[in-house]
């Protein structure tokens, strides 16, 4: 995909997708003039196959598949450096959020499953417990990602320092939290929110 | 260009308030290029759209215009730098007023026609004329004027009685 | 030592402070006590969603924060927040909800009620430097941190983007250094004060964290710092818990203790070191503190 | 009672082909007030004009309507003819039945009806029209040039060479502006001072030029041809008429460690100083802030050593009022500074570049001084922190410019070129060094410009990197530059010894204040606005004031000089006449009814409306009303449409005239 020639036409440029990104992020995509300042300061740029400025460029061209295909968007650390320094006030960090959301909804054509998995578990944790339960998060992640031995050495150390709790009590507001999740799901079903 | 011109049952009156520098010259260009458009429009020349008082537009409607066009230089091209800018602001408020008194805003058109846009002049005039033709004669204000004349004339018995009682 | 009028704060500790960042919580409470400030935890608060939520679902993130802010209304005093990530999320939510009408309406549907998010949210750094005041801190120093060379690490979330947290200049903050100077310590000039540590990749992509955090540790060492001071449990986790593996991987030796600023401030104000959770960090800071005759 | 004459033209067949001209003339004859009507084959021909003249005399006409082509074509012709027949030219109007009628319609019946309507409109207009006299104003043939950079110098010399008196007012102790600071200039790399100083000397020696250096504009009153300008001559503390420029005072002054502004703070000067050796005038000035005498009352060395006794510590500012006919504004620019910006400023700083705290990050003008043979390093490129020669030098373009987030969205136009120049100068001076340039675009339109840039890349071996820099920090004695190369799609890190920023061109400090004194308009950045972007690029909207150089927008020297000469030509055009005559279409205020709300004043694009006090016999102010300065009014009529009490009226377009036209519909 990356090296294939781009054929541009009204059909291949998905502007509807770009509009969605703009609406979710509240930031213009067209304003970017490709200075690359975002990529220059991005701590994760080196890990991405498309540096941030190219993500915006691909969006300008409506090339949503290319944007979502790689792991780039999942490798953004949300550090806001790009947003802070962009000469055109392109809110790239929010654009990244929006892209991840759209990819997530579409069950992501992305290759980056680890980050997605961690996010999923984290959010599941909120829904079940109300607060983060790090031991479960770590354990579940290792189980599901098949890296049973990952960070194995850290666990006991942290437990002994009191940094990990063996047990977790449920939050008393758990019903409210469930309500929030439910209502958001409903809104989306009804098309009231993206 | 636009081939014409048979007489229709209803020939609307269209009045155009234009600025000297851009739209008047644009209309001249349409002429020198021998373009064709409906002969319903009467052009009133102003130095600048900034000079156009909304009262003129009201008066034109009262005097039988079925459509009014206000046209000047493109934003930023005003011969007087900012006259058209003030005009735009004035007309924005004025439209609301017209709407309020019940004038169909489709009868009033604002546009920008530069000295080089003979074609655009033809388009704008043709479109407005045809639109207004479709809408039929403008009645509201003509009735208003008739009323005014009525109340201004001394011949009605009611008025006469009223006057007599004062003197 | 008690301020004339007792300042009271509501408190949102956030998930990490109840777990991996517990010494941050312990030292914050100790510090507030020492300063005579009231600190009451918002009952039954829940997770702000942190990075993972806004990462894939901004609306969820905004809603969770809005709900927490509403619950905070029940407790007296401005909302004090210690964790930089929670602070950033809560401020973001406030900013977004007040500036974006559509989002506000969606959030109101989600939390089933009006989104009253006006309660001032303050980072503890702000409370120390601006509300207690540097002069007052200086006055109350019992044990000046003389000779302690500290690299103040802000991370990415405390000041960015400029319109949101409004804590300090977004590119060149000085609030941590100002506080340290008031305590008699010696903040070093260094380059990586605001570089990202890789925060939320700690679970999914530890390799990334190792690389980014290594650069931070390296820069602090280059500046001849004795230790690093942080304001975020995620930064702390990455720099402290992973320090050993970072050293191994990069054949480096840092041995840089990582302090929460609350620990150092409290120490200077005379809180006994045993009350500050020094025993629960990985790189033991006590040898350094002993060397500088601070404990 | 009006006696109007209507003349309907056939234009050969151009009109008569579709319009029944005879019928139009006949219909016109029936309009009340029309005393005469006829049609004729070619109205603009001599016989046609004679017909008009004869009719005016024979029928004692009070107004004329020529129904023919567009007034843009022949209004002048017929007004002149009417004038020759003794009629006021402004009661002669044209009804446009060619461009607006016969040429654009085919239906003869409808075209004829329309033509009649157009004639009727114009008849009503002329009936309500007034005789107008052209406005004449005298012209004072003396020009004022504000700012003594290359723009001001060029304009002053051109006007003075044409034989007119010129006053040059320069704020600094010497004229020369930024060009005097430059080392070599693109695109030819000639030495700036070599081409600049002779011109400066010409200004000093020109019999028609009076130079007010170290002076500022205090007040401007009046209008085109007739300005009254008050100039404040700041106290120099040295009597210019006595000083011989020997420089002994400078040599002896004990206060010597003051950073020299001319060298961007990188060289030193004394408290009594001339900014640079070739300064014009070559009279020193005492910097009172830094002089021991002024600060503590001790010293007085300079006065003691001065042979002619020119030093005068008691000297005070003096005000002079001058009568001026035309003004050229040439106040130039300043460079954006990356420092932290003051609270409330709309322009932000560059924290990511260290807010100006890293000593070896300098701006382009500093690099010019370092590269200049007469600069603080004698032309060697040495970095400020330790005087070492930088072996890796990074240039960054578009700093502050094209960055709406920082508050400036325009392109500064000159920096691509001067950066290319800098890489060349660097390469010429540091043979084993490497120059890198971070750029987004290379904007090099201009004769020989792109070739110049290509030479920097191809022959002078500058490495151009397409991308921006996100951050810089000091590490040891290196500056770490973190940028990106968007063409490769990777981050770039360079350990630089020195960094040069191509910072944005901004209007001069206080440009807005000067504009307010002059009554000229300026944009949101404070650049002065020209009257028309394309066709009046040197005129201000305010008549009699012209623009030259970078005060109007970023410009390089060739553009600056062209505009300066153009401004001078405009001044000479004005001075070619003794009296100014202009179209009498101007607004007038009816003093009786004006309520003094000044709604008109707010909208007037020309600033023609002034406040006028009406006094009773005892001299008490009874009311303040609007007054339109006819010398300034452009005749747009915006005031009239705005005035709530309809008391300001535009001659030639009165409400009465327009209403009368509308009544015919």
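Labels for the chains are A, B, C and D, by order of writing; each one numbers its residues from 1.
Here is the rule we use: contacts are C-beta pairs under 8 Å (C-beta built on N, C-alpha and C of every residue); 3 or more make two chains touch, one makes a residue touch a chain.
Treat the numbers as computed from the prediction; the structure is a model and nothing was measured.
Engineer: Closest chain to the protein CA centroid?
Structural biologist: Chain nearest the overall C-alpha centroid, as shown: D.
Engineer: Looking only at C-beta pairs that count as contacts, which pair of chains has more of them, B-D or A-D?
Structural biologist: Greater number of contacting C-beta pairs: B-D.
Engineer: Quick one: report the Å distance separating subunit B from subunit D, using the average Cα coordinate of each chain.
Structural biologist: That pair's centroid distance is 38 Å.
Engineer: Would you mind pulling out the distance in Å between where the CA atoms of subunit A average out and where those of subunit B do?
Structural biologist: 57
Engineer: What whole-Å value do you get for the distance between subunit B and subunit C if each is reduced to the mean of its CA atoms?
Structural biologist: 67
Engineer: Compute the distance, rounded to whole Å, between the mean C-alpha positions of subunit A and subunit D.
Structural biologist: Whole-Å distance between the two chain centres: 52.
Engineer: Can you list the subunit D residues in contact with two or more other chains?
Structural biologist: In subunit D, residues 352 touch at least two other chains, as defined above.
Engineer: For subunit A, what residues touch not just one other chain but two or more?
Structural biologist: 81
Engineer: Can you tell me which positions in subunit D touch subunit C when the two form their complex?
Structural biologist: Checking each residue of subunit D against subunit C gives 340, 350-352, 354-355, 473-475, 480.
Engineer: Please output the residues of subunit C touching subunit D within their complex, sorted ascending.
Structural biologist: Going by the criterion above, the answer is residues 169-172, 191, 222.
Engineer: Considering only the defined contacts, which subunit A positions touch subunit D in the complex?
Structural biologist: Answer in residue numbers: 33-42, 45-46, 50-51, 53-54, 81, 85-89.
Engineer: Can you list the residues on subunit D that touch subunit A in the complex?
Structural biologist: Residue positions touching the partner: 352, 398, 402-406, 440, 466-471, 482-486, 489-492.
Engineer: Quick check: in the complex, which residue numbers of subunit D touch subunit B?
Structural biologist: Touching subunit B from subunit D are residues 70, 72, 96, 98-101, 103-107, 109-111, 113-114, 117-118, 121, 521, 529, 531-533, 541, 585, 603, 605-606, 634-638, 640-642, 650, 653, 655, 658-659, 661-663, 665.
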